[in-house]
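Both complexes below contain chain A, partnered by chain B and then by chain C.
Our next item is the complex of A and B:
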């Protein structure tokens, strides 16, 4: 009996103080995904990577907006979003106190504007994404005027680009054939 | 049929056949329960089709390290003894009726906690053919504890919140794109090809998440405005860290940098 009490005294108190004191999590703990919407370019890489579909994106073609949604209730904290994010806008933090009374509090949303296609005027790509690509190219020593020229290309939807390609080919092809003959 | 936006994002669940909703009288009773329950809450656990990860964490929460029993939280073997019903796992078709039976067997007023990602929304199984969704598709839920699985500390926090001892910390957040809002370029001073090569090697060495973190740390060190030349700076950093794994990864990344003479 005395030995047992001695052993207990030697071991001390192992119980964590939490919730009366903050609980220190390990350095590699994967907690709540912290999202910095100002840094997000709405490229949807995270929504494709997310295995649980906690991250989703919907496009509203009438309003010309794209909404990014994170449902923390569905998140499995795998950090795949953090891996694929090109701008580092989402990263897992060490916050674990996520319990809520209302399910609506589990939703994080962000709304982004879309660029209209120069030809058909349908909204198709987030403005921030197009600007990010051009800024990236300028940083890669692409001349500013060349970058602005390319803006037209990037602000054309894939459908219209394909159409324009076919049309220009139609115009040049007869001339080429005549030359060949 | 296309799912509606709400269901797609998991904000709205379709109630399963026979779903129970809470009456006014019971919600007032629940308030009196919360006043009286503080000393001791008996918990009955209903697994509606989970992977048992949540159960393991619940039992971790009552071990001496976390010791939920010091707050009077005790697991019981029958819903008839329970004040709190803890639903874990996605609500599957087969467990729908046992789930409802457990709810009906528990004496009123009772608190229902939805535990884990699957309990909250159906989680990773939300679009399976046999899954009705989260717990709220059959019974009214008071507190949601997300996590896959929630850690014992998160479990204790959730219980404390359900018993009205702690406040909710997480709030819904909405951001609308402001005018002139632009994303900042990551590591703008490092050529793209070099960046890709560094990130690839770092991920190959230490996994997708750690690899990215280490590559970012290395590139921040590389682009740092400092009087000392880079190899010296790197050595100083590695000496201060004293981690052989980090030295190995950073050493390999440095070799990639050296292969490109412009850096």
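Our next item is the complex of A and C:
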């Protein structure tokens, strides 16, 4: 009993001042995700990696837009999004105070315009993503004009690209067969 | 991997079974050197399982049912036994159940430990255990429609909720008591952890004659969710959330089951980081449990002190992983985060502080006058009952058996680590709590060992492909006993079947024997000594059978009675 009282006296008051003083967390602490839409290219890597489906993406083909959405109410703070993001558009901060008065405040959205396919005119890929790919090529020492020349390829939807491939194959095949004969 | 000529671990068990039941063994498949799956004739299955269990020191890890109709036209049942005789290995006995006659002979009559696994197979897959006396549902609620078996492939979407088939609870609670008793329902929320679980105590005066209980009020359908919605890596984060205490252990068990199934080598440094964090988790859990035990014997100052010290373990977890709980560290093939030098230094500081503080507190606790009188010889788990029910962790170690997966089947970096298994013969609450306290010090030494011996190198293996329908076991010793995960990979980047068993699943069935012949005031203390993963009720209804009278007592009142032992709510 005496030892216990001694221990209590020795330790004194251990209650933290929080919320009247900031509560320090470790440097690595995984808190609220911070999102920088300017960096985001809407590639959807984070929405695939997110185990909790806190990150989702929806496409509106009529408006030609894609909406990125983060629901912090579903977030499990695992930082997989941060790990897979190619442009560093999302990173977990140290902030842990997440209470809001309205549920809608837990939602974060960003809208991106889609590029129309040059052939079928259906919107298929975020414009920023196409630009990002071309910028990547330039950064990897491909001459600017050459990279721009490939723009047509990147602005063609996979469906039309496949179609074009098959068609060009069809055009060359009979000629080859004729040659072989 | 295996050197030619060296027999696989566990070969002796296979040979023994083949010798005794030569005609019954249909197929032998080795997943890894210490894991073998024997497909046997369904009718001989009970006898084979019994032979392994009682004659070859087998213990039940878990029972898994699996809908393999797409693979071989049948349902399969896997009885997973941890062999802990002179040779330590896992032997899995598999029986195929034809879909046109979904029945199998129950093993429960031979080994009581099987009861929950077989009841669950009936609920989730509609496989009837023939000869199982307990015909009640285990997992599914009373108002679940008949004939809807959630884990059968293609029965239902994980999001669908069938309309209730009835409006009332029909679950009968069973008592083995002879003569007149009073019934004391505890639940649907638990006393110690404020989680759901309904207990019915059959009492004679203050003495508990028998007890029955019903759990699974918060069944979250995680196995179904993982199978239908999540990729392999995502399930790591789901496994982190199975338990609020030993989540990381589940995540390690899951990741290693997939790695074993694929034969994937995990880098040494990753294995050390896993071991390190497993022990950090053990620290906080054990301190929490000892703290709660203080609370239930009415020593609230001790409770506060243990929680104050436990905060250092939480700080350590936050420092090393970025979160106090739900570490989110595992991926298939390794870990996501390295341990840096400054973190290592700070962790060693915290270890030194913890060692000194916990020593002081445990001394204080053990010299507190009413500590021993409240816990000694309370909630006895007889060694024979322990043998029959295969409980896990400190519960079995307090009944004299040195069972610990870290030593029996070393995983992560435990081979070589200074693991000490603490056992006691008291079989009571005191032994269980003292073991938890002793394991705190052992965990501190293992953390130091890991930080000291951690090799350099990569922490994650990448660039492998998943092979469909491979399966294996993963296991890890949580603070309360072993977590067992059995996984089968699918062909669509999702698990075909995931079975996870938390230690409490093995510790619940023998609880009724621990409660017998104790007083009502000790019930919360006994239940808390399991450190159960569930929840307890906020109110208690007392049924006086003799006078046919009901009385409802608030939960707080029962907790108060447990702490103060004054003014019985029954009077």
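We take it that the second predicted complex is superposed on the first by the 172 of 181 C-alpha atoms of A that agree within 3 Å, B and C clash if a C-alpha of one lies under 4 Å from a C-alpha of the other, contacts with A are read in each partner's own complex, and residues count from 1 in each chain.
Criterion: contacts are C-beta pairs under 8 Å (C-beta built on N, C-alpha and C of every residue); 3 or more make two chains touch, one makes a residue touch a chain.
Predicted model only: the values in this text are computed from it and were never measured.
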With the two structures laid over each other on chain A, which partner does A:128 touch: chain B (first), chain C (second), both, or neither?
-> first
Larger contact residue set on chain A - chain B or chain C = B
Which of chain B and chain C A:154 touches, first, second, both or neither = neither
Of the partners chain B and chain C, which touch A:79 in the superposed model: first, second, both, neither?
-> both
If you stack the two complexes on chain A, which partner ends up touching A:26: first (chain B), second (chain C), both, or neither?
-> second
Based on the superposed arrangement, let me know which partner A:119 touches: chain B (first), chain C (second), both, or neither?
-> neither
In the overlay, answer first, second, both or neither for which of chain B and chain C A:3 touches.
-> second
Identify the partner contact of A:11: answer first if only chain B is touched, second if only chain C is, both if each is, neither if none is.
-> second
With the two structures laid over each other on chain A, which partner does A:52 touch: chain B (first), chain C (second), both, or neither?
-> both
State whether A:100 touches chain B only (first), chain C only (second), both chains, or neither.
-> first
Footprint overlap on chain A, where chain B in one structure and chain C in the other make contact = 14, 25, 28, 30, 51-52, 76-77, 79-80, 83
Which positions of chain A touch chain B when the two form their complex?
-> 14-16, 18-19, 23, 25, 28, 30, 32, 37-41, 51-54, 56, 58, 69, 71-77, 79-80, 82-83, 86-89, 92, 95-101, 103-113, 127-128, 131-132, 135-136, 139-140
In their complex, what parts of chain C are in touch with chain A?
-> 230, 233-238, 241, 301-302, 305, 308, 315, 318-319, 321-323, 326, 328, 336-337, 360-361, 363-364, 367-368
Would you mind writing out the residues of chain B in touch with chain A in their complex?
-> 5, 8-11, 64-67, 70, 117, 120-124, 126-127, 134, 136, 141-148, 150-151, 153-154, 156-158, 160-162, 165-166, 168-178, 181-186, 188, 191-192, 208-210, 212, 216
Mind pulling up the chain A residues that touch chain C in the complex?
-> 1, 3-4, 7-8, 11, 14, 25-26, 28-30, 49, 51-52, 76-80, 83
